[in-house]
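Each of the next two complexes has chain A plus one other chain: chain B in the first, chain C in the second.
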Partner chain A sequence: MTYLIEEKNDYLVVYLEGEVDLSCSPEARRVILDCLQKQRHLLVDLSRVSYIDSSGVASLVEGYQVSRSKNLNFALVGVSDNALNVLKLARLDQVFPIYTSIEALLQGGS
Partner chain B sequence: MDASETVVDIRVLSAPNQLKVLRQRVRDVVASTGFSSKEQQELVLAVDEACSNIIKHAYHLESDREIHLIILKTDEALIFQLSDDANQVDTSKFKPREWDQIRPGGLGLHFIQEVMDKVAFIEAETMGNTLEMVKYF
Partner chain C sequence: MPPQGVLAVVHACARNEMDATRISELVTQVPSLSAELLRLSNTAYFGFSGEVTSIARAVTLIGHRVLRNIALCIAMKATLKPDQLPAFPVAEFWEMALRRGVCARILAAEAAQDKEAGFTVGLLQDFGLLVMFYLNPKVTNEWSRLSELTPDTRYDLEQQLFNTTHDRVGFQLAQAWSLPEEFTIAMGYHHQGTSAEIDKSSVELCKLAQCADWMSAVFTSDNRREAIKQSRSLLLDYYGISSEQSNDLMAQVAVSMNEAASAFRFDLGEQVDFEDLIGEANLHLVEENLSFQQMNWHLEHTLKERDKIASELNKELDLAREVQRSLLPDESDHLEGIAGLNVSAKVVSGDFYDFYKLRNGKVAFCIADVSGKGMNAALLMAKASSLFHCLGKSIHDPSKLLAMLNREILETSIHGMFVTMLAGVFDPESRVVKIANAGHLPAILMRGSTFDSEYPAMAPPLGVIPDARFPLDELRLTSNMHLYLYTDGLLEAKVNGEQRLEREGLLQLFSRYSDIPPAMRLLHIVTDVRSSGGRVDDDMTILLLKG
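So, the complex of A and B:
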């Protein structure tokens, strides 16, 4: 897994790429929580995530919960088909705010 | 059960970076079956979650132990057998997360149970644990 962080308007955007499994989910968790620690709204782009396991999903859940406790926005964008299937299996696709793209979110779309 | 053919018999270290190797072997096997691409992805996920559970709960993140994966193919199913040589675990403590709880953790077992048609621990006489997961064609 690799990641990249970019500022976009009021948001920090974390782009995750590759396979997010037990070997790298602690790093994904750290990156997500570090961004929230900076009191910034957060978007996690999963468009280039080819695989995600329960530990990766747990990192997203924790980020979502921390953002809510800090009154920060948290959303997933561009979720790849593989990642979306896993979120559906976890029945979390109805829990996370999910947008097709960052532009769709910033323009108030879905 | 009808005659079975061993299509994978692989042993890897219990290091998280070995999961990728195991996933690829499972991918190769399920790709040659009649499962849909979504089902193939889910089978890879379920086996991966079972391996992760061994690393976390049986070996407590010790990375120099051994995980043994056997995949058997019969006319009616794929059978995944995952073994470790850890102390026997109390399987009654394995409880999947309740669906109405939104919290990190506890998802792996749910994935396994959702994806597989049969999941059972095979009791060992001495050391070790073997989890058998069956997916019918």
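So, the complex of A and C:
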């Protein structure tokens, strides 16, 4: 897994890429929590995630829960089919705000 | 004051002319002592043949001197109870007292003296210090400092803190208890040693006490080199014991401590090996004189330490695995038509399943997977499975049960960790199965060897959001129908190299073994997955209900 952080308007955007499994989900978790620690709204881009397991999903869930406790926005954008399948199976697509792209979010779309 | 009856036994034992019958009578009057005596007589510590059931026999077998020690132990423990000085680590004090007793006993045996008298004086010599703490609870926090000092520096600090010292207080105490004179004197004069003008037998006890104090400090003091040096010098002066012999004596201490502690019911921390202590003391020399041999020792010590930690960790993990195993149903929980199997990829697992019969004859069951792996997942697994096992007995509606579990897990769980769970209740009469699925993989219903339908999650996992609702699904499990619940470890098991089993592969296995009895079938399925050349990276758990 690799990642990249970018600033867009009020948001920090974390781009995750590759396989997010047990070997690297602690890193994904740290990156996500660090951003929230800076009191910044956060988007996690999963468009280049080829595989995500439950530990990776747990990092996202933790980001989501921490953002709520800090009154920050948290959303997933451009979720790849593979990642979306995992989220859907666990019905977590009902939990996370999911947008097709950052532009769609910023323009108030879905 | 200690119980009078116990003291009477102490006094009686000190008088050699007292016969066993009279002593037995005295012992019988003190229930705690009688019980302890019988218990001890039957421990391996004394190794008497046959069960000892009468007090008289126990007194005869054990002998006056040991009996006196037992009585003194009880008297000391009874005099000052831990709740009188809550913040004081009484157990630590007893451990140090016991170590002095053990040191004095070992030394007495070596010096051809009465070893039980040695034990007694070692045990009693610092009792005054405990009394000083009871009288001055405000200085309780100084104990940790005192306990790490060598006998001479501790003596000075006592004087500063309490304006008196343990030998003076101990002397008064021994007089108040009317202890035999030689003990009273040894308690009062062991820091003066041979310089005090006292009779010969008391001098010998004082010497033993003094040596035991320093020997014991080797195991507890922050200045071990000094303690070792001083012990060797005293042993040589008093008994002509060489350094090598003194090492042998020290090496016996840890073993004897454990034996004595279990016999006299002291709770001990782990006993440090004398060889390790010697090595540690030598370590300081490395700084002064870097020799290859010592560097080598350092390396060996480090490796030994690492192995020790690894072995301790393994023990902990084994224990954790045991606990986890105990949370899963076993053969004694056998129910007709239902079976489960769990194979862990690591020592501890984040998966679990459960089933049990409810009072109304229905069967509650569940399968679950905790996010992440390792010890934190295992602990959450233990919590979730206990909650299911306990609450499931009174909440028979799977939907309500999951809502309750969700609240419980959310309340205390660490951020981000969640549990996917599929829970259900099966009625063997009507064959109706009610299930609710919290973010878990779909349950798969097979009709014979063909796929019939599946029951995906309608709600997120437990521990993610409050107020989640968990809709109920209902199905009839008629004969020839099989309902499979499983965890993602099975779907993601890599078969034929890098390829994952996936849903299709799993359906093929369900189909292939559809006519085998449930428990055997699960074994076949899992064995097939494992033997197909792939790695198992995750726990695999599977539960089957047969119509």
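Everything that follows uses one rule, which is that the second predicted complex is superposed on the first by the 110 of 110 C-alpha atoms of A that agree within 3 Å, B and C clash if a C-alpha of one lies under 4 Å from a C-alpha of the other, contacts with A are read in each partner's own complex, and residues count from 1 in each chain.
Operating definition for what follows: a contact is a pair of C-beta atoms (placed from the backbone, for glycine too) under 8 Å apart; a residue touches a chain by one contact, two chains touch by 3 or more.
All values reported here derive from a predicted model rather than from experimental measurement.
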item: Which of chain B and chain C A:94 touches, first, second, both or neither; value: second
item: Touched partner set for A:55, first chain B, second chain C, both or neither; value: both
item: First (chain B), second (chain C), both or neither touched by A:19; value: first
item: First, second, both or neither for A:85, with chain B first and chain C second; value: first
item: First (chain B), second (chain C), both or neither touched by A:65; value: both
item: Residues on chain A lying within both footprints (that of chain B and that of chain C); value: 22, 53-55, 57-59, 61-62, 64-65, 89-92, 95
item: Touch list for chain B against partner chain A, complex; value: 15-17, 19-20, 23, 38, 41-42, 44-45, 48-49, 52, 55-56, 99, 102-105, 107-108, 110-111, 114-115
item: Chain C contact footprint on chain A (complex, rising order); value: 22, 25, 29, 53-55, 57-59, 61-66, 89-92, 94-95
item: Complex contacts: residues of chain A adjacent to chain B; value: 19, 21-23, 51, 53-55, 57-59, 61-62, 64-65, 82, 85-86, 89-92, 95
item: Complex interface listing, chain C residues touching chain A; value: 369, 371-373, 415-418, 420, 439-442, 456-461, 464-465, 488, 492, 537-538
